[in-house]
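Right, one structure below, let's go through it.
First chain written, first letter: the chains are A, B, C, D, E and F, and each begins at residue 1.
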Amino acid sequence: MFLQIEDLLSADEVQTIAGLARQARFVDGRRSNPHNTTKVNLIAEAGDAAGQQAAQLAMTALQRCEPAKNFVIPQRMALPQLCSYRVGMKYGAHTDAAFLPLGVQPLRSDVSCTIFISGAEEYAGGELLIHQGTETVRIAGKPGSAVFYPSTTVHEVTPVTSGERLVIITFIESQVPDQLQRDLLYTLREVRALEGLKMEWQNQIQLEYVIANLQRMWSR
Amino acid sequence: MFLQIEDLLSADEVQTIAGLARQARFVDGRRSNPHNTTKVNLIAEAGDAAGQQAAQLAMTALQRCEPAKNFVIPQRMALPQLCSYRVGMKYGAHTDAAFLPLGVQPLRSDVSCTIFISGAEEYAGGELLIHQGTETVRIAGKPGSAVFYPSTTVHEVTPVTSGERLVIITFIESQVPDQLQRDLLYTLREVRALEGLKMEWQNQIQLEYVIANLQRMWSR
Amino acid sequence: MFLQIEDLLSADEVQTIAGLARQARFVDGRRSNPHNTTKVNLIAEAGDAAGQQAAQLAMTALQRCEPAKNFVIPQRMALPQLCSYRVGMKYGAHTDAAFLPLGVQPLRSDVSCTIFISGAEEYAGGELLIHQGTETVRIAGKPGSAVFYPSTTVHEVTPVTSGERLVIITFIESQVPDQLQRDLLYTLREVRALEGLKMEWQNQIQLEYVIANLQRMWSR
Amino acid sequence: MFLQIEDLLSADEVQTIAGLARQARFVDGRRSNPHNTTKVNLIAEAGDAAGQQAAQLAMTALQRCEPAKNFVIPQRMALPQLCSYRVGMKYGAHTDAAFLPLGVQPLRSDVSCTIFISGAEEYAGGELLIHQGTETVRIAGKPGSAVFYPSTTVHEVTPVTSGERLVIITFIESQVPDQLQRDLLYTLREVRALEGLKMEWQNQIQLEYVIANLQRMWSR
Amino acid sequence: MFLQIEDLLSADEVQTIAGLARQARFVDGRRSNPHNTTKVNLIAEAGDAAGQQAAQLAMTALQRCEPAKNFVIPQRMALPQLCSYRVGMKYGAHTDAAFLPLGVQPLRSDVSCTIFISGAEEYAGGELLIHQGTETVRIAGKPGSAVFYPSTTVHEVTPVTSGERLVIITFIESQVPDQLQRDLLYTLREVRALEGLKMEWQNQIQLEYVIANLQRMWSR
Amino acid sequence: MFLQIEDLLSADEVQTIAGLARQARFVDGRRSNPHNTTKVNLIAEAGDAAGQQAAQLAMTALQRCEPAKNFVIPQRMALPQLCSYRVGMKYGAHTDAAFLPLGVQPLRSDVSCTIFISGAEEYAGGELLIHQGTETVRIAGKPGSAVFYPSTTVHEVTPVTSGERLVIITFIESQVPDQLQRDLLYTLREVRALEGLKMEWQNQIQLEYVIANLQRMWSR
């Protein structure tokens, strides 16, 4: 399942991050995935102050976004990462790592997130393609928007043919790792949010009973 | 979870079955469970015509009862069995067999059912006790009523101290064997039945999406 | 996951089925789903000879198609159904039923299949949309092609604005009901088919060991 | 499954806690569950010293109680909470939250616990009802006793019609979250405790083998 | 887990089968597994009368053997197959197929069985090796004995260096497909058989409660 | 599944540990398992400096050993323990505890490890037997070697009849607790390591997709 959030970042925040990206020192993106020879992009260097500030802005935005939290049911989140795709750069078909180092316990990546900083008029190519067998979902978001999608898929970023594609990416461990279970729980809570107050009190309680038990059963 | 149905059988059907019980030939109930030395009751003999007719009436009543079907989500049902508990008879604490012979493939007993033929004024004692650790649920139904309860519990029938307790029992394999999962699915469908028509069409579809997928996921 | 098969039916078979559709007697499609008020289409009447002949041709084509069988891992298949969408007809957002009546044991619908009979030049509108949260996969196949997709999704057919959209649909119970598990098994077998013969014999056996055990573990 | 422990607290401890309750500052109980409009009770204010002392006494009592630990297989426990139900107060039907905030990682509530401070002669009404479909388990414990029951159920406290019902409640995350699995493991360990020493050594080892593997398999 | 049964067949039955093997028409064993180029043995031809009679004797012996049934918890069994390994023959490392054709529904092979017809003095080599990572279990049974082992393993038959190794093999679908779960259930029933009668009646019932529920939970 | 590593420790490390064992203070091994009356061995006292130094050497060796890490997929490891079996000592059949105390959260023992310090010429008897129903795997490793085996089995150490058997043991919690799942994941990664570079890039990605998703699905 996919969630696109139009305005995860305000226009001001997008401007600020774009400015930080101009100051940040970038290094070869393969540092975080040396085995994928089709990965050709740039990432902000680990200790770089501008990169860290951009990451922090993204982190804050993600933590305040209720629709995203309802959808992802987050448990832990990796440090966001500022990435730049310049002309000719791309990230060939790959699957996100199941586990990433984070503190004492590795983080299981259940949901992947891309936050778009550059706008459509700033670059060509650089589409995010998510492969689902013989069909493909194509995503090119507006500046400040974010897309959340399962880390389980094979996906890629097509070559940038002009301009620069700036994004921030991160990976989230969900309380409910299974994608279908997470979506069923999300959907049931949306139904409650939209219809619950119209229901007889007793039926609200029954719906609550189902939701609480699914959450217990499916969390890990 | 428990379901009591007040009027599974009509008053006429109860009368007919009580009459058939007077004609039926009964044998020692331990035939169906020789290892339980605390089982002291009578069951209608396998080939007995009156017993079979009573079983058939019960079977028909169970198959027409929509609330019971919603609760049990039945897949297969064992042949109902006419049982008599006379003075001093009882069925000590036991758990129902996990599998019963039925045709070429054994039937997994997920839900147990007792249909009450005798009324409260016709006997004393003979209560159905369902143990749940240090708490006990006690059930003595009216003539024509039925109770459905998980086959997973330890339960018993206390000694009859006067009169005769006539019941029909059966065992049902459910499409959803896990008790909690079965109850969550039942509850969600009840919410849909009671509240669905008030909902926005799109939310009805979302609720349907959850129900259909839980049913797929949990059926065996 | 999706699988599109370009030529499930030959051009001749498409012609034959289109001809049968001209002779078939169609009835209101809501017969098979009376509760969905957004379903407005026509289905060939149950006993209609031309409809049955078309269904039989589709069934035969599905049973001979190795790529589809590898993808679906079929256990049982519902009788295919000839459907017609004329101007103004559509099938609003819905989820396919979890179970369909079929012989003595209901069929669990795990994979849905649409076989396209009409070509793009014969109608406008009538797209199959498969919703995945805020993203949508849109499918309009060529005559004779088929698409297989999980029965678990919310999907719809948009209104036909001109011409007639003829399709055959069916529902398949898979040996591996979980969508992700089914796709992992399919993918591993594809890797074996494409790379197995290049491997050291011992590594082939190891891969076989994994595949056989996943199939055991995940079948239901 | 239910466990009632007669004397979780000594008579002295009950007296002490009752005394602390007279000094404690109570606030509206809805603070911990603002959405349940049927919750009408009082809870000791978060930072209140007397309330904290009562909570600490309860915590200590729970941690020393071997039968409770065998039954619950505790992993983490929420801070106990002193509650008062005065005349007219109640807690309508509800289900306990699946997760509660506790330190850095939310606590999953698997088992709920009520410790009774007031005695039967001190109030009327105020029964704990645990609903199981059409049957209900009713509990009104003696001072110092505790009842443990699955957090998964719909339950309620009926209105107090005279006097004051003082209780301490808490919520426990179990190593074995599934209720039936937890009870099977508990039961098997009880059989070992009661019968193990009479067994042949080799059979003791075999029983141990089963218990250790169930615990591994079912812990989360 | 492994079970060796010393005397599945009587000495007379072994003699009879050895005699039938002398009359049977054998064909290349790769017929049942054409892809395994390391399979070099002979199997009795499908319709051969002597081969069928031998298979029938083995089937009868398996169906009467209570210890084997307790261990395997059989649901369905493939037709046994008479096999001959002559000098130089072998069956290289392989894993048994997850599913075999059998009637309308494929049989899942959970447990494999080898029945030894030839004795140790009749051939050299021809050991059954079951690989478990860097360790190997080696089995060469006496005439009339049988070994049951999980179909999940990689195993092989080493080359016969003199004489003839005659065996009958078959594959069994278990009610409890997971190997560890099947062994835990088996072990608990053995404990009940060996120690149950010494237990307090109430503890017997508790043990029964665990066994019945594990069987329900783990059957497929 | 078993893994034997020939040279976990260098000859120098073996010498050092043997020397430390001569200085260490040993106590009755039953301290760590008082209920097993068949446990008759010695363990280095908890606070003993020489014992701790030996444990640290073993810990370091385990943490640097890539093949062991691939096989075990470790999450946490118990402090290694130096053990001595002198003449007449043994450890009767037992199963390793499911959970061991370790810091704030108990460690689930999924994989057991024995590191051999004494050589075959230094003692007689003292074999590690791992029971698998009617078959037994027998292990007596060379100095410096280690064996990893599932903690789920019943196993024993036979009586030492001459000399002294020095070993270091430890218990490991795996990211993938189920033995078969862990082995399937290990096997698939070995296939990737041995064959991956020969594969078409796209097939490598497909294999990666399967591995990453199995790891997500099976980790706990």
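Here is the rule we go by: a residue touches a chain if its C-beta (ideal position, glycine included) is under 8 Å from a C-beta of that chain, and two chains touch if they have at least 3 such contacts.
Model, not experiment: these values are computed from the prediction.
**Student:** Write the angle of the rotation needed to overlay subunit B on subunit C, where the fit uses Cα atoms and the result is rounded to the nearest 5°.
**Tutor:** So the angle, rounded to a multiple of 5, is 120 degrees.
**Student:** At the interface of subunit C with subunit E, does the proportion of residue numbers present on both copies reach over half, so same, or stay under half, so different?
**Tutor:** Looking at both copies, the contact residues mostly diverge.
**Student:** Could you put a whole-Å number on the gap between the CA centroids of subunit A and subunit B?
**Tutor:** Distance between chain centres, rounded to whole Å: 50 Å.
**Student:** Rounded to a whole Å, what is the gap between the Cα centroids of subunit E and subunit F?
**Tutor:** The mean C-alpha positions of subunit E and subunit F differ by 32 Å.
**Student:** Centre to centre, by mean C-alpha position, how many angstrom separate subunit A and subunit F?
**Tutor:** That gives a centre separation of 40 Å.
**Student:** Can you list every residue of subunit B that touches 2 or more other chains, as numbers and ranges?
**Tutor:** Each of 152, 180, 206, 209, 213, 217, 220 in subunit B touches at least two other chains.
**Student:** Quick one: which chain pairs are touching?
**Tutor:** Listed in label order, the chain pairs in contact are A-B, A-C, A-D, A-F, B-C, B-D, B-E, C-E, C-F, D-E, D-F, E-F.
**Student:** For a test of understanding, state which residues of subunit F touch subunit D in their complex under the given definition.
**Tutor:** Its residues touching subunit D are 37-38, 92-99, 108-110, 151-152, 154, 177-178, 220.
**Student:** Considering the complex alone, what residue numbers of subunit C touch subunit E?
**Tutor:** Residues 175, 201-202, 205-206, 208-209, 211-213, 215-217, 219-220.
**Student:** Looking at the complex, which residues from subunit A come into contact with subunit B?
**Tutor:** Those in contact with subunit B are residues 180, 184, 187-188, 190-191, 194-195, 198-200, 203, 206-207, 209-210, 213-214, 217.
**Student:** Contact residues on subunit B for subunit D in the complex?
**Tutor:** It is residues 1-4, 71, 132-135, 137, 139, 152, 179-180, 183 of subunit B that touch subunit D.
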